[in-house]
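Every chain is named by a letter (A, B and C) in the order it is written, and numbering of its residues begins at 1.
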């Protein structure tokens, strides 16, 4: 999966790199227990204004609990949560400048689309014409002008999703929480909606925190991703860095496809090292910036698309290995080759299908060379 | 569409014949001119006329109606609160005792409930009359309201309440503006159930009523204890008629609402 | 604090009008009958202070319970109630299951109507539905007239004022209580489970016993308790349809209270009935709670 091109303004906007920047939300040593079960384990995390922040992880990793603590439905067992420098622990959900878009959308079935969107505004006792104005604005923003009088069960799934978004944005919250907002949509609609969400986020300038288990979704929409596991944040970084520079085997494995080769490390130069992973193969040469003692067991992680498949041994690559094609996964735009190496390890290599099917170069049982550059892979110790 | 098997068709036919023939017979005999109920002597509305001239029956009917209105309303408020507390209230001290006390009257034999309530009223020196019947009926109707409302609340998507809270409602606001409108069909049927049970009750009313307040079931019971009576047949026919019209109307209304909804959902998906 | 108020209101009501009355019944069951108002002794006299309380406590005894065991009327009534309740529960189940099953298998557009047809008698007066059988089962009643005219029988059958009439009355009036929970359980049954069972080699009959019946267990339990428990204390049906030899404990209690005015004995009859029913009642409530929890 290649990094999608970002707009220049978004590239420049990186407050997390500025030590002077004040975060909008601060989790400070937050722990949340449900009885004996530890849902969130001593977690510290900053989220900045106007960010599109994604909490990514498998179900049960604690991401929904974090979101519910931000919304005010759960109280941390220990630690503090700050919004704009003020603790919000103990502030009830109805008194927080935070709104949430629910996974089930939670549209009120007895109210029309219009009244659903107006619901929060009416609680604020705004004057009637102000409410009307704001609801119309929200309907325009989500392209629902024609559906204001309908009830939630009279519109399609995609429209319901937009009503839920409009309703949660209507009060112009400082922070919008989105709980698996696109989970109920089919693939095509989901992709369209992702871009729509980003658009709306940019237009309104609201800080978005999205919870998702779908890594592609997180990569597409988010400015930063927190990858979570078992109540802990493993890595917080931009999508590109999470993909290209994962800090652990867990993150590398969770985001995208990866080959992991376990071996013994030996230093060969100031920013150079090699990993012996098989008796039959030469060690892998790798670039690295970390201090790793010789002889330590490490994982060498390399993405399939970084490996080239060729019939002849290439001379221009630092690493190469010989193997037999066992399986080919044809995906249209790319093919994934499952290659068994001399030592028995299976390695996946992805090649773009730039030629038509009938002229494909390799087939089952072919013996091929796999090769990759020194900088293509990553040495991981965790 | 599924075709119904002969076995299932027979079960339904026999089952519904069993349920309906006795009531049908009662209605037919209510138009019998003969005082000997089971010997047919021609069509007549004579017993209906006699019934409406019987002051004692009319008084009893009026008492019953008032008791039913008050007790089912009280039971609806208390039963809905109880159901809400049990489904949403989390853990609290005495929860098991509470749910036990709430649901036990569903199955508790009437004689036990009636006797215990009567002994309570006597020991605190409360004069028996309409008030004591209302108290008694509220207590057992409450259980039925709670069951009906609970089953609706359990199926209710909790995130709707959370969404309301998130959008600025206090708990009470969220209950009033979101929960209550959505569970209102269950609350209404709970009320109707309580109302009917109160209209219907003989045993508890017999224990808890005083000489000043006689309900219709008590009157009917003393009239039919020894045999069949043509006036009671007429009264039964009227009651059956009211219930039939009521149930059919409500089910037609709800059926139309369901049909409309299905049609709208189909339209929304295309 | 609104939550506390919300809990307190129904809680206090139930404590005052459900639990406290039982304690009073329990206390009176330990008292003696007296020609007074109220017709039992001792009564708690708090104006006499500590002495009043001690007199009251020492005045209580288990005499009434001992009396119940010595008079065979009572234990015969309990046993006969138990027998009638068990048998009529089984009969109601046997009659109700095919109806509920057929309803759950009926086409979708028919189901609301069928459901309404089961509920309708439930809304109709219980007393009237019991009474309707009087005209049918009497010597010169509808059933005998019909059978005589067809020529199946030559002498009218005596059904009214026997236990048979009681059974018919119970099955008839309690049928909706059985059918509704059964239907609720059977309706949830996924057709593909039966198809899977047949696919794996079950005959239809076998699939019914191995899949349908076990999966409707909660409905069977709920329906059976909804019939069994109230029937144990039934008063109206044995009084209107049964004969002088129909012995049921609800009737005994009623007569003890209203005819004999023996409140202490009536109270101890009620306490024993409650003791018999407490286990089924607890099981019933547990079953209901389990059902709700599984739906959450």
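Please note the rule applied: contacts are C-beta pairs under 8 Å (C-beta built on N, C-alpha and C of every residue); 3 or more make two chains touch, one makes a residue touch a chain.
Predicted model, so just to flag it, every value in this text is computed and none were measured.
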Give me the set of chains touching chain A intersected with the set touching chain B. none
Closest chain to the protein CA centroid? B
Chain A to chain B: how many Å between their CA centres? 55
What whole-number Å value describes the gap between the mean CA coordinates of chain A and chain C? 59
How many angstrom lie between the CA centroids of chain B and chain C, rounded to a whole number? 17
Sequence positions of chain A contacting 2 or more other chains: none
Write out the stretch or stretches of chain B touching chain A in their complex. 157, 159-160, 162-170, 173, 177-178, 181-182, 261, 264-265, 267-269
Per the contact definition, I'd like the list of chain C residues that touch chain B in the complex. 2-3, 6-7, 9-11, 13-15, 17-22, 24-25, 28, 38, 95, 98-99, 101-103, 105-107, 112-114, 116-121, 123-129, 131-136, 138, 140-142, 145, 172, 175-176, 179, 225-226, 229-230, 232-236, 239-240, 250, 253-254, 257, 263, 266-267, 270, 273-274, 277, 280-282, 284-285, 288-289, 292, 295-296
Can you tell me which positions in chain B touch chain C when the two form their complex? 1-2, 4-5, 7-9, 11-12, 15-16, 18-20, 22-23, 25-26, 29, 37-39, 78-79, 81-82, 84-85, 89, 92, 94, 98-112, 115-117, 119-120, 122-123, 135-136, 138-139, 142, 147, 150-151, 154-155, 171-172, 196, 199-200, 202-203, 207, 217, 220-221, 224-225, 227-228, 232-233, 236, 239-240, 243-244, 246-248, 251, 254-255, 258
Which positions of chain A touch chain B when the two form their complex? 71-73, 92-94, 98-100, 102-104, 106, 108-110, 119-120, 123-124, 151, 153-156, 159, 167-168, 171
